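We call the chains A, B, C and D, going by the order they appear; numbering starts again at 1 in every chain.
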Amino acid sequence: MKYQGDKVTDINLAYIGGGSRGWAWTLMGDLAREEALSGTVKLYDIDIPAAKNNEIIGNRLYDRDDVKGKWNYKAVESLQEALTGVDFVVISILPATLKEMYSDVHTPEKYGILQPTGDTTGPGGIVRALRAIPMYIEIAEAIKKYAPDAWVISYTNPMTVLMRTLYEVFPGIKAFGCCHEVFGTQRLIGAAITEFLGVERPKRTDILTNVLGINHFTWIDRVTYQGEDIMPIYARFVDKYYEEGFRGAHRVKFDLFKRYGLIAAAGDRHLVEFLPGAWYLKDRETVAFWKFPLIHVQSRIEDLEKRMEKSRRLVNDDEPFELKPSGEEGVRQIKALLGLGDLITNVNLPNRGQAPDLPKDVVVETNAVFTKDSVRPVLAGEMPIPIRNLVMRQVFNQETVVKAAFERDIELAFQAFVNDPLVTIDLKDARALFMEMLENTKEYLPGYDI
Amino acid sequence: MKYQGDKVTDINLAYIGGGSRGWAWTLMGDLAREEALSGTVKLYDIDIPAAKNNEIIGNRLYDRDDVKGKWNYKAVESLQEALTGVDFVVISILPATLKEMYSDVHTPEKYGILQPTGDTTGPGGIVRALRAIPMYIEIAEAIKKYAPDAWVISYTNPMTVLMRTLYEVFPGIKAFGCCHEVFGTQRLIGAAITEFLGVERPKRTDILTNVLGINHFTWIDRVTYQGEDIMPIYARFVDKYYEEGFRGAHRVKFDLFKRYGLIAAAGDRHLVEFLPGAWYLKDRETVAFWKFPLIHVQSRIEDLEKRMEKSRRLVNDDEPFELKPSGEEGVRQIKALLGLGDLITNVNLPNRGQAPDLPKDVVVETNAVFTKDSVRPVLAGEMPIPIRNLVMRQVFNQETVVKAAFERDIELAFQAFVNDPLVTIDLKDARALFMEMLENTKEYLPGYDI
Amino acid sequence: MKYQGDKVTDINLAYIGGGSRGWAWTLMGDLAREEALSGTVKLYDIDIPAAKNNEIIGNRLYDRDDVKGKWNYKAVESLQEALTGVDFVVISILPATLKEMYSDVHTPEKYGILQPTGDTTGPGGIVRALRAIPMYIEIAEAIKKYAPDAWVISYTNPMTVLMRTLYEVFPGIKAFGCCHEVFGTQRLIGAAITEFLGVERPKRTDILTNVLGINHFTWIDRVTYQGEDIMPIYARFVDKYYEEGFRGAHRVKFDLFKRYGLIAAAGDRHLVEFLPGAWYLKDRETVAFWKFPLIHVQSRIEDLEKRMEKSRRLVNDDEPFELKPSGEEGVRQIKALLGLGDLITNVNLPNRGQAPDLPKDVVVETNAVFTKDSVRPVLAGEMPIPIRNLVMRQVFNQETVVKAAFERDIELAFQAFVNDPLVTIDLKDARALFMEMLENTKEYLPGYDI
Amino acid sequence: MKYQGDKVTDINLAYIGGGSRGWAWTLMGDLAREEALSGTVKLYDIDIPAAKNNEIIGNRLYDRDDVKGKWNYKAVESLQEALTGVDFVVISILPATLKEMYSDVHTPEKYGILQPTGDTTGPGGIVRALRAIPMYIEIAEAIKKYAPDAWVISYTNPMTVLMRTLYEVFPGIKAFGCCHEVFGTQRLIGAAITEFLGVERPKRTDILTNVLGINHFTWIDRVTYQGEDIMPIYARFVDKYYEEGFRGAHRVKFDLFKRYGLIAAAGDRHLVEFLPGAWYLKDRETVAFWKFPLIHVQSRIEDLEKRMEKSRRLVNDDEPFELKPSGEEGVRQIKALLGLGDLITNVNLPNRGQAPDLPKDVVVETNAVFTKDSVRPVLAGEMPIPIRNLVMRQVFNQETVVKAAFERDIELAFQAFVNDPLVTIDLKDARALFMEMLENTKEYLPGYDI
């Protein structure tokens, strides 16, 4: 790295999962739009050809006039090569393939268990964690060995257990986990501000929120805009749109606000997966009533084909790479860590005291102050006990899953599985479902005794 | 009180709920059989005639030759009169009547929610708590005023929240909560010892157990008999009787042992109420499969009539009061507190560190050392995280209920209600059920805004 | 209060201790220089004429052309009058008079105990606390009654125990404690930056520090300037000036840095009072060696006369009130709390988790984020155990002093006194000294049994 | 091991430090007097001839008619041989020789620092710890490897830091630390009982005490005898003997009782070493005033010669081995762990919650319940804050010393040294003293950079 005035050049960044046809392009775009940074991105993926395609796509940007941030992209074939000498590591992987994800989401449907995402908690999230944690163990060990001083940004779901894995393997890691779900809620609050204060849509980053809880089950207990307490405005907004939803959505969020008085800060499809199954996921009729979407992995599979086709066009220069704001904060965070502007934003970090009502060391999502080479959490305070109870149940289940994955202990994992709020079926059915799900994904469960 | 050699005379004891036709007689019998103690029992009950009947019944024992402990019984008409000058207070009340209990247990059945006891947790336990906590607030205030130095033994359900109430109102109270559920489990372990070690049925008090958790959801992680680790024997016992149950019972306890490796130390009918409803209480078929009984309050009502008839016969001396061992420990505990023999047994106390994995100050059940004027908990250690998770969910729900009852806050109580593991119904139904249950018992919910 | 664009008018502020001839003028000056704010300051002081003089002095500013912030000053004669209706409360009092302070500082000299300030810890600080805590109890009760929603800024020493008092009496108070000692250390770091980086003296607020510990015994474990880690530069600075001191000062700070690796962030004269007496305060020769000043209260008394004379001149308009930057942050903090610009700075607050290695609820000094109507601590992290040990000794002594003052318990206070690091004398002498100090200031110790 | 009725035979016990001419003989005597136990003791010592002598001495007991417990003694030459296959391990070593101890105790006298024992805390205790911890690291590693399931009883001083070392190296170790200082205090309380209750001297084990704090700085906040609270009697005892001491001793203990209201439960010569040096160790005159003895290591050296002479006579059968009660509890504890009788007594164990006001995992001394293969602490409760402050200062200093010894970090050790309450000298002198002490004992400080 070299500092030149208010620019930093020669940055080295490793992208684990660099063959991605989604996040990788988002990062390329954000880097291209940022003139203060330049350097080299090493793309590592177990799908080597995909990484090589992204190398071509990324490098094509270099000479474009509208590109302010100049980066070289280079596909590499080992974690060692990717990590050696880097300043930053981005991890964004798909644990296994959409085929396994299909089982995660849809196998439980046989037993009446609906999952809008299946990638965080619930039966799908737990099985996904059992696959992903061993992958993250390997990555963490490599970072410890080859890039112990690098800053590590993790985007992969299930976020909490994977962040926990990084710190468990390498306690000295400088890692944090990023997620845009809170941003979406901030935008929703922005809509409320516009509607009731009669101002133009505020910038998301001008809406100041205090964030508590865990990823995808995050809560806001305080929000201000230009110094004004926005909670009363949000309450009016909820009242107005409670029945119909705002633009047909957010009904669960509104219901939780009415019941608990705090703003649940993630998409409804995530929130419902953390709550007792009978509340919002009892059956398809209930889902329709609350107006949130269920994922269909088949459409993801179809979408993947489209993205692969798009990849081919980008590689072949048949289609221009479009530069547009992503709304993600990764590049802003990198800049702050380089000393190019402080930042307070929400991230996932081990609890060192910032969430005083949750156990030490588990991964929590709160605000943090980003300054040069430093990420320091802001004290988030305590949640009301009824919400804390809902969160804590997940925290201990997550701890159980992490331990089960480290020890490859299927029975221990089942203890978390059967205590998941979505697993509203009896013990025999739960056992059958769990074993079927493991069987379906066992190719990616090496070391487990299935 | 006077110490005379190894006897103590002139003890003063207040019995709150002294009109009882069950526990009161048990205590009378245990006191009558204990030669080291004598004195006066003041019987207080809102049902004054019932207390007066027990005065007659109790005093009839005094001159019997087979009675070793000589006690005077006196019905009194106010808490002040009952408590002034006493050394011990026993509290064992029925919060409201069997009519309200009928609603607690059977109203949820309309929504498919089965409750084997309905008096501890679940919909019934929560509503019962909302009635009982204000009563205990009144009792605690009276103890603070009239008997601040007395030892207080509480037997009333729901045990945990009522003990919490006593300490919340009067932090200096010298109170502990007693329950015989662990004793039953110790006897079951005794049966295992007899069966596999070929010895005679051991005395319950020779079976040494380490006790963790909360009342009615208590766990044993270590058991020895004459220095031998009994866990492996219990494991064989579970294997042998897993399918059929031991004498047709304890199947849930055995299933929990197989799944978690610890001995759940309460009757199955209590245990299942703390666990996700689908596990053992899905429907009557499931209940039949696991072979534990459901309470029918109608039979309790019929039983009460029999006990009232028995009371009449005892009062009129048409039937002799039968002296037999009760298996309860109250009198042993009183002796220990008087310095007449140390004792280690399980009791319910605020957590001052004995349960290091549960929040401070919540009421937990662990072993304690009883010596003269002292009850000191033994460090219980930590539970495995999956069990801790099940327990913690109840702990926070109990905290919510206590706060709701102190503040007469129905909405807060509903937050606990809807997060109860037995409330597996949707939000709308849960709301309807809760309101119906409150309506049914509102006579005993003064101050709440129903 | 009224918001008008980026200004706020009609602010009401109460100044407790408003007869001061020092801090009050500082605040007047800072308010006068700030154009965004205007309103009324109510001056309350037990010395009513002094408050009235300041009313005149303050109001004289109103019409001056160079004054941007227009404020009305009004002397009031009761706490009720001062506090009713205010948005902010500033507390800056002298507990008793310089006569009592003379005893605090100089009586211990008879026993060889030297105190450079005598107002924070040590024999002087403890006796001062015994006087001041009852005064703060009264103020806290008045705030609870008359201004429960106001923001309260406390400047009085001993800071920690007085802040603790405010929260003990009124847990819902919105109070924080401010002190400029850390600022001085930041300026010293600025000198190091200038010297070794060859840049102009940086603005203090551009030097970012992480602050840990307690007031006047605060530590910095991380400092950056424009993104650069300044610790190595400070180390070179220390090496260079270790023997001579920087401009003849800071030798203790440098010695602590060499020994512990952290920057002690208060003036040497404060730091030495928290450390074992033999280290830096053994005798006057040692003091001379380490080159820090000892206070002479006689000179303060003489200085007071000058300040009273100056007050007379200001009242009579014989001397113009000089407007110059004070270096204090009070007005910036008020602006931030009004929503006029966020701020991260160090303040004294009860520990809710921001200092995870210190007990909950004791008052600690860390950074906090100031936003509209909100002060939220930043997680400070843990101190190295040897420093934590030095700090903890003070924390528990402070807790003892607070309890002693609330209960007017002289014996309990003596337990803190005799365990103070400066009290290196034997028990008999310590007792004699303590009683003499109490006797000297007993006029201001009502309720104590001396 | 074999159980035969209420006896256990074929026990294997390793004695580390088995060449001792003191504790080894005590254990031999206690084992010989206990008929329930028999087996083999393996004696390991770096002084192999000394171990061989004890082998002869021990085996000579076997055939004596008055010996009830039959044990074979066998000197072994490696830790591996000593530990393999044993049920119990006793560790009682002298870290280095009396020559090093001479320096520990007497070198600080040059600077006016008096130490009555010099083996626990203070300059002597710290330097001794720096030597002993590496030895215990080696022993703990051997236990982990060769005897992971054995119960380990440690007697070596400094007790706390060495117990901490065992658990730090091998967290699964089943070790506890024993010390008879509390027993002595219980006997003193027995004298008070005899004097004021007019009863015969009670058995020490009938005096029930609650024990808090750390080894050699232990406190009793509750004591009963036959159910009676003995605190008021102890208060009268203190009043009576405050000036003269009881049998010319215990004046410090009495003074601490008057000042803090708790019974300090160790010999005065230990207690004073934990307290600010000026209190009781200011000079020899002060020591004389408080009437406690100072150790003279020269007399220990002379005593050793006598004990070596005695060893020779015992080996040659020129003197009979005398069997008499030792007052130690090791054999009772071994019996309890074998299931031959439960026991509640005070031991040193890592804090798992039994001392809720001290940090987790540091070694504390409290009561514990001994049952078959189990040692479970009793909740000790909290100390008054002023006492907690004195204890905590030692706890953190001990933590610092342990870390320093593990890392062989002399500078870190100096941070503890200079914050020791006995080190009342200035920094320069403290540095000189510390370096001289290290130099004197450097033969036993391998790996340190002195």
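Everything that follows uses one rule, which is that contacts are C-beta pairs under 8 Å (C-beta built on N, C-alpha and C of every residue); 3 or more make two chains touch, one makes a residue touch a chain.
As the structure is a computational prediction, the values presented were derived from the model and not from experiment.
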Maximum centroid distance from chain A, chain identifier (CA atoms): D
Distance between chain centroids, defined by C-alpha means - chain A, chain D (Å): 54
Distance from the mean Cα position of chain C to that of chain A, given in whole angstrom: 44
Between chain C and chain D, centroid-to-centroid distance (C-alpha), Å: 46
For chain D, residues contacting two or more additional chains: none
Graph class of chain-chain contacts, one of line, ring, star, complete, other: ring
Interchain contacts (touch definition) - all pairs: A-B, A-C, B-D, C-D
Chain B contact footprint on chain A (complex, rising order): 255, 259-260, 276, 278-279, 282, 286, 385-386, 388-390, 392-393, 396-397, 399-400, 403, 411-412, 415-416, 418-419, 423-427
In the complex, chain C residues that touch chain A: 208, 210, 222, 224, 226-229, 338-340, 344, 352-356, 360, 369, 371-374, 376-379, 381
